[in-house]
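Let me give you the structure first, and then I'll get to my questions.
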């Protein structure tokens, strides 16, 4: 019996590995070699780079470190596709990732095959530590799947032709959601942070108690329609609504709407993976910075939730529910009314270590800890997050000015 | 009796007002008109600007708004000396404050006299709200007294002649402090934040409960001697010790020591308000960024305290004790062993609103709230903080890269 | 007879048109879609962009303006592929040309076919003015052929793999050239500038007299071997050899050798269209800025020639001689000893209008005149210049800091 | 008799030295220590710096190098007040000259006295070479007198109070000048450049022949009234009028008028050393870049003169005539109708070496030669040029974008 369970456990990782790896290829499927090469800004990476970097992660931390017989596909790739692991040596400057027209997309798909085959072959004999790194690698790849969708959108948005990544039929107009209901959340001492079995990133733990004060959360996300009211009410022109750093950005970059919104005589459109479409008032607002989220909340007489409030509220929601990524395609927020999905939700909490946080050992310990400064936590999941990847303790993080991620907001208020 | 108490209450504010205002003048006393005019970097302001801006604060929010008979000294000063109050209209660009060779230092001292006389004359009849603004103004001026000392040091440090602001005799060598003792601090639910009578800035409140986990704090500040060990051990050359943003700065700006440290064949010197002197190993380290404090703590196998931990520990210390500013002069951290004084202490807490925070009404509500993003909290007080200004709930804040403030660190660790 | 001559004249332009257009395609032949898309720096354009822009030139100024029946391939291309003609409306920002992953290389080759077919069909009936624009377009395309080679080299040089655009067998070592002979050039009044029949760019005319003083020109170009002596003699470390702006660049960018030179333990290599090869001491030095050329000349006790001196000396040389571009391939300077070819030769003359210069009428009048400020003239032709394109009156021009063009130098001196 | 003549020759330099040195002090007389300390932009230096740098020039190249008994006033000044002489070692970064609040203005006036006394004492025994350097130093100081006036204007223009450097009564309206008359200038071979006795900067020589083609020059400078017509005709909005680099600047910096012009409801005013005054249509336009001068000329159907044309035309004019600087005060262009004075006149000639140019020997050889790239020649003299300083061969030079100098234009055209 033990043997059988063991076999099944071996089979499962293989299937899971293949499924995750396949999704990355599927996301890149509509891309030409050129599409997959360009880099629209230093924050965003070429799709080819994502495909190769996720592969390098498995090759380095699983195969190179734990599989004697493995021979690297190309020694030079370590320099090209290391992201930021100082422990792994020098690497291509981030703003120059878009210069890698070679290796070609086809060569990098070969690279993926080479590593996939080796990994599947090595899998049954992998030591425990390598299995954990494999799981880390899969979660890492899922993060890059969302990044690929973000970066592909950013790249296509730089093209004056505004090509759709995926063509879609026109969507039927969704009904406007009901006015927000305020849901009283728990208060007092509550336990958050990851603990127990199951994969989580190092930064999600350890589990720990937090003290919550009386408050309520909105039962749904802020919509485009509500955002249009904010715009029409002069939201982008009143300094009193804004954090000082946010107001400086608004003025310097002449921000007047979410990223990818374009104004024409016919009103506001938004560019997405499905091309240029009219802004749909019923859908959740997306591609806003922390500064914008914060200003909107102030304008609305509310505030953003704290990470702990959000996590406490989500502890009984299904993290695999809502509008999340099931297969490659032109995802967009549509508004499911659930706690997870559609857009990542800005919180008013800075991305700092949980009490008692210890980074993982070794080079992978650079994974999250070294980014714990200057960024804000987002919770939930977005339409571009692979379903099953997120959970209540998940801590996404971005700088307050960043807007190219699928980010929106849910309001909170004190009781 | 009531009358007499009233009279005394009237007298007291006047004396306090005169004392605070005098200290600003005393700090500026060693400066020539030119010294008081230059601006060494956008973050720092000329001494003249501080002298005038603090005066504008009283003139605007107390005299203009609450005293009928008051006539402004010069209508044009509002443009020159408003700092960042959007509600008060356009103003001189911050990086151009160093272009104000006119008005002269003498004219601005006249401006101060004009406002001081009017304020003292108006004081007995000021309405309650104006008295509160007066108190705010005095605390505001105390903040600028410390800023003046910081900015004067920054300005003189740009001069290749490295002139001392104040000449001092050589100090006798202090004995090295004992090894750190770890003091177990309270855990469980504790109340922090300002509440009750007495002045506090809006961001210090409201009082609220926090949950502390078992931890200990060092009984003293980190010293220059310990910092030299960090340097000698390659602290500035090992990326694994650093936050990612911090490491980028270290590389880009070739940081290899605290600000104002200069290496020569004879070893390390540091520039201060008393000129260039050898680094004293016994004194608390000063002029370090959050990145440096965080890297040092990691190197030392410890961490920075949270704001709540620090505040809980300080709740029974005397906030007016230790090495703080009593009179104008070449202050420097010397190491008193107390909780307050010498240097502001970086915490690992971001400067975010306390739960339930509401900014003050009106333009002065821009005071703190709009800076609640991207900065870290520092607690305590420094040798440049006017004694009596700080308290346990006090929240100083700077961006993680900033170093020109009198900032150092005290270590903490989990139990 | 007249009829026959006419027919022949009609046939000739067609053959010439086809040959020029074919060469561009041949140059791009080794490029993938991705290779042809990336932009290594704002000064350089993607190969795809060159292929399309040259086509847009014919489409716009010949077909659109002179051929009734012509229908544009895609109306949106005008925005994408206009270079800098203000008279033709808004256009893609130059530093963003590398964002055009779409249209694909294949689509742009279709675009070329579409325009080529229309142009060949329209050719027999083209009015005189259009025939002139056709000739201008062909010369324009030849310029872009050289730019393509320059920009492809710049793009591949950004790739850490340093791929060769074209693989070549190792070349046999060339013998070192003889020491320079000084050739006395004519002095007194001489006529330069284009006049008479034959195509020339507007900036080459009008013909005019210049006064030459006694001087001599070197009989050959400066070699890599001589440049190595300059380096070894501290050429890049002595400010007295450099123009002030040049010295600032050398320090800021840590320049220590020509562009594309790489130092290793085995000595200097240089990256070229044929990949990374050892520096060949016998070959002409290439990829140097005006600042470097000027510093070298000062070091050598000589100077650069003036444009007029060079042009006078070249008036009896064959402009189609020497090492110029005959077919697509890994061209490099080899040193022919002729006046034209190998590398463009920096002169000490600024690119300013010849006396009596009038720009061409219409939008094409923006061709050269508006660049007559801040740039220096280069004369001759390079190994990347299509043979037959240049002539003695030809005026190439670059900013003094630019180095990615095939530029070297020939020394001059006063007699 | 010889003795007496000798004595007189000795006396004359002393008087001249004293007069030149006095004028610098007089120019600085209205400045406070603070006024003399601030630096409005990297191109401009503080007045204190000019006062000290000119003194350092005499101290270094005359006293230190040629007078045994001389002891420097302060060894540290060499670092502070060297401008750009690489041969004289390291120096204060140019953009940081505004950080020198110490030494004070009073100390630097002491420095001047110290050097002046030493120089006057050494003068009778100075060797020939030192006398030449003294003459160079006096001409150098005159250049800095004009720079001081330019830089003082730039500094006061940064002050929102727009203080006048010198108060003046309102000037009476000048009558508009007559329409331009075109004066035919000589053509054929003409000799320009400095030769023969009398002081000239190294870059003015050697004398040499140039070939002039038939052309005419306007008999007067372009006026503010004409410039207003250019503005009203959309001069700043039509790209076809502009050099490419100039148009990029106009757009990026939103240029719409000469520097220091301010538009209000009451029309255009201009800020000058006499404060803010209405633009006077009769006066020569001033504070324009080369780009603006060139665009205006194109708009007017004319061109700028070449350096040789201008110099040939000026060869019989009195270089000491017109509106030039006689004593310290609020100089401004008023329009004298002479060849010299009012404003420096942009030519269409780049600042390049005259044929046969050799820089002076030694460190002073860095004086002009190393700036011979990227700048354009201006001829004549301005209202801020000390009378007697300029001559027909004088070559002033600025980058094409610079505007803070007293520069205007005179039109030319081909015949």
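A, B, C and D label the chains in the order they appear, each numbered from 1.
Simple rule for what comes next: contacts are C-beta pairs under 8 Å (C-beta built on N, C-alpha and C of every residue); 3 or more make two chains touch, one makes a residue touch a chain.
Because the structure is predicted, anything quoted here is derived from the model rather than measured.
Asks: Using the touch definition from the top, what's the fewest steps needed to get from chain A to chain D?
Replies: The distance in steps between these two chains is 2.
Asks: Report the chain whose CA-based centre is farthest from the CA-based centre of chain B.
Replies: Taking each chain's C-alpha mean as its centre, the farthest from chain B is C.
Asks: Report the inter-chain centroid distance for chain B and chain C in whole angstrom, where each centroid is the mean of the CA atoms.
Replies: 59
Asks: So how far apart, in whole Å, are chain C and chain D when each is placed at the average of its C-alpha atoms?
Replies: It comes to 38 Å between the two C-alpha centres.
Asks: Roughly how far is chain A from chain C, going centre to centre by Cα mean, in whole Å?
Replies: Centres of chain A and chain C (C-alpha means) sit 46 Å apart.
Asks: What are the residue numbers in chain D that touch two or more other chains?
Replies: In chain D, nothing touches at least two other chains.
Asks: Give every touching pair of chains, nothing left out.
Replies: Inter-chain contacts occur between A-B, A-C, B-D, C-D.
Asks: Provide the residue numbers of chain D that touch chain B in the complex, in ascending order.
Replies: Per the touch definition, chain D meets chain B at residues 32-38, 40, 76, 79-80, 92, 96, 98-105, 155, 158-161, 163.
Asks: Give the list of chain A residues in touch with chain B in this complex.
Replies: Interface residues on the chain A side: 84, 86-87, 189, 208-211, 213, 239-240, 242-247, 290-291, 294, 348-350, 352-353, 355-356, 366, 370-374, 376, 400, 414.
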